[in-house]
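So, here come the structures, one by one.
Heads up, the next two complexes both have chain A, just with different partners, chain B and then chain C.
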Partner chain A sequence: MTSESISVIRIHDVLLVTMPPDPDDTSVTILQEKVLNAMERYRVKGLVLDISAVQTMDSFFARVVAETAQMVVLMGGKTVIAGMQPSVAITATQLGLTLGGALTALNADLALDMISDTFRRGR
Partner chain B sequence: MHNAKILIVEDEGIEALDLQNRLIAQGYTVPDIAATGEEAVKKTEEASPDLVLMDIMLHGEVDGVTAAEQIRARFDIPVIYITAYADEDTLQRAKITEPYGYLVKPFRERELYVTIDMALYKHKMEKKLREREKWFATTLRSIGDAVIATDHNGLVTFMNPVAEKLTGWKLEESQNKKLTDIFNIINLYSRKPAENPVTRVLVEGLTVDLANHTILIARDGTEIAIDDSAAPIKDDKGNITGVVLAFHDITERKQAEEALRKSYEELDARVKERTAELEKLNQALRVEIEERKQAEEIISRQTQEIIEVSTPVIQIWEGIVSVPLIGTLDSMRAQQLMEQLLEKIVATGSLVALLDVTGVPAIDSKTARHLLETISAVRLLGAEVVLTGIRPAIARTLAQLGVDLSNVNTRSSFSAGLLHALTLLKLRVVNLDCAD
Partner chain C sequence: MSADAHGEIIIDKEIDIIVVRKTVRDVAAKLNFGITDVTRIVTAASELARNVFLYAGSGVMKWRVLNSSVAVGMELIFIDHGPGIADLEQVMHEGYSSSGGLGLGLPGSRRLMDELEITSQVGKGTTVTIKKWRRRYQ
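Showing the complex of A and B:
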């Protein structure tokens, strides 16, 4: 998995990143860089990190995600981690991994709802 | 041998006195003088002399030879004949009585003393020899082993009482019979005649032991197990002059050995029997262990099933799932609960999970930790947990344990929790009457 293959997509006022099944340390570091650059460049309300494909999460990945979320908050946005697999959630809990200030959502759809008014469904 | 008591038998008084004087002068004692044959026997009995000087020609009915014969037979006292003359017939008769000396008148004094001393010495030696012979015979008679002696031709010369008893032959009957006639031996197993040890000893000149399992067949056909050895009897020059055979009855020993062997066999059989029994028991035990293992497997599977059943995750509304927890929440169940709850949340896309602890009897720190873990895992998915059924007792325990539930939505009753969940979903329960 090369870092180039991870793309940061802006949809209206939200940045959307889809994580590959097994992200390595380099790619998550580059991802953070890309996200922060995009945050600066576009006027967005937040970041949706879709990890529904991720099967394993290690402490480094969790820390980078937590850091990124904190940075995004500092830059005036929200971070929502979306679609975590149950098995990943259990492992993360048992390892005591936390995601810092990041919010969580069952899927990218709900995550978008949480960040942007644009996507909020009419009720 | 001075001081010896000598009885003089002489019918010529003057000659007798002269002889007496000469003997006394020489240091001998002369207790008495007899003039006739009868008197000689009588006075020998009374005085018990060491030696008798006997004139062959005596007056009266009994002559010196007859008297000497009686003395020899009755008292074992040596007799020396003194005579002036004698016819051939008398001399022959005298010889038969085995006299210890024979003096012909007139004899010189020195001749008398030498003859007396020789006679006394010879008699003493013979007595000693007889005693030794008697001692040996007694020894052979009294030992516990059977002893048979033969001459160099293998003819029986001696048997002791034990040998007589075992063979069934008396010494008198067996003397000069061939040993093989009375000592009939065979091999216990082959029933063939065993080698005659005497023949071997005579040929080899060495002591030989009999082969094992030798059976002696007695005169009456009785079979006796024996153990024996045979040794050559050699003279001073090393020539074999006979064979001595010693043997003893080992029937009892054989019987004891047999009994021992039998009891050993019995013991062995019993050990084998017990071993077989144990083997059988062992097999049964193995089968039982196998059965129990299977039963355990069933129990363990059923336990698993019960756990699964005991934590049913139900979707009670769109976006709301519920888990009524019943019983103690141990690690295994907590894991089970977490997995099932998370799967259900993802599958139904529920945003709220109601975790109801009404059915949990008591919560300790461990249970609380399991609950917190479950809650944080649910949150990682992006859903929220409402912990319901916090009874006063449980609330007290949680507070006392210092469990931090400040970030968790908790409610005392399930319905309150449900209402909260609906609120989180931005739904409201309304009374239709009021709404109208």
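Showing the complex of A and C:
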């Protein structure tokens, strides 16, 4: 697993990041940088973090996700965490993780809709 | 998997946290733990392996299969010779962190597992043992 395998792509006015099943700490940290750079460069409305493949979410990963979501908010965008597996959700809750109030969605498609809707309503 | 299967993983690089996760996932799945229990065990192992790497620099994780008449279990022991912990009650308290973390690793792992035991001596090191059981018959 290297950081190259996590890519940040732009779909219209949203960034989409798909996390691999078992992201290591360095990749997660690099991801945060990539997202913030892309937010600035493309002036998008928000970020969808697709974690449907993720099998393990521990306190480090959760902390970086929550931090990234907060930074995206500071830059004027929204973050939606999409597709958390039930076993991961149960474990995260028992561990005591919160995602810093980031929005969540069942899958990436719904997450993309949520970002568009938010902004339509906001205008 | 044989009833007395066991193994050991050295933790001295960040990437070893991933090796620990993969090994633990593999063993837990072979012992027929359900997907949620597998996720719980792997997540606790990830927390404890990171603590070893972060606070002690290096250590090992020993795993073994446990057998009783009514249950099959998995035991993971994380051993390091790092700085040790002065106040065990404090670190088991949610939210305490000396590194700007969430302070969830130890108390959270206790909730995810059936058993968590921690012993530590300042200047000598820390040992954390966790166990998860699965009933043999439904």
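To be clear about the criterion, the second predicted complex is superposed on the first by the 116 of 123 C-alpha atoms of A that agree within 3 Å, B and C clash if a C-alpha of one lies under 4 Å from a C-alpha of the other, contacts with A are read in each partner's own complex, and residues count from 1 in each chain.
In this section, contacts are C-beta pairs under 8 Å (C-beta built on N, C-alpha and C of every residue); 3 or more make two chains touch, one makes a residue touch a chain.
What you see is a predicted model; the values in this text were computed from it and never measured.
Participant: For the combined arrangement obtained by superposing on chain A, do chain B and chain C clash, or do they fit?
Facilitator: Once chain A is superposed (C-alpha atoms), there is room for both chain B and chain C without a clash.
Participant: With the two structures laid over each other on chain A, which partner does A:M84 touch: chain B (first), chain C (second), both, or neither?
Facilitator: first
Participant: Kindly classify A:V73 by the partners it touches after superposition: chain B alone (first), chain C alone (second), both, or neither?
Facilitator: Neither chain B nor chain C is touched by A:V73.
Participant: Counting only touches as set out at the top, which of chain B and chain C does A:D25 meet: first, second, both, neither?
Facilitator: Second partner only, chain C.
Participant: Go through the superposed model and pick first if A:A111 touches only chain B, second if only chain C, both, or neither.
Facilitator: Only chain B is touched by A:A111; chain C is not.
Participant: Check the residue A:V64 against both partner chains and state whether it touches chain B (first), chain C (second), both, or neither.
Facilitator: Touch status of A:V64: no partner.
Participant: So, A:L16: does it touch chain B (first), chain C (second), both, or neither?
Facilitator: In the superposition, A:L16 contacts neither chain B nor chain C.
Participant: Between the C-alpha centres of chain B and chain C, what angle is subtended at chain A's, in steps of 10°?
Facilitator: That angle rounds to 20 degrees.
Participant: Tell me which partner A:L99 touches in the superposition: chain B (first), chain C (second), both or neither.
Facilitator: After superposing on A, A:L99 lies in contact with chain B but is clear of chain C.
Participant: Enter the shortest inter-chain Cα distance between chain B and chain C once the structures share a common frame, rounded to whole Å.
Facilitator: 5
Participant: Go through chain A and flag every residue that touches chain B in one model and chain C in the other.
Facilitator: In the superposed arrangement, which is not itself an observed complex, chain A uses residues 85-86, 88, 90, 94 for both chain B and chain C.
Participant: Help me check something: in the complex, which residues belonging to chain A touch chain B?
Facilitator: 80-86, 88-90, 92-94, 98-99, 103-107, 110-111, 123
Participant: Can you list the chain A residues touching chain C in their complex?
Facilitator: Residues of chain A touching chain C: 1, 22, 24-26, 55-60, 62-63, 85-88, 90-91, 94-97.
Participant: Mind listing the chain B positions that touch chain A in their complex?
Facilitator: Residue positions touching the partner: 335, 338-339, 342-343, 345-346, 349-351, 373-374, 376-383, 426.
Participant: Which residues, counting only chain C, touch chain A once they are in their complex?
Facilitator: Answer in residue numbers: 14-15, 17-18, 21-22, 25, 35-36, 38-40, 42-43, 46-47, 50, 94, 101-102, 104-105, 107-109, 111-112.
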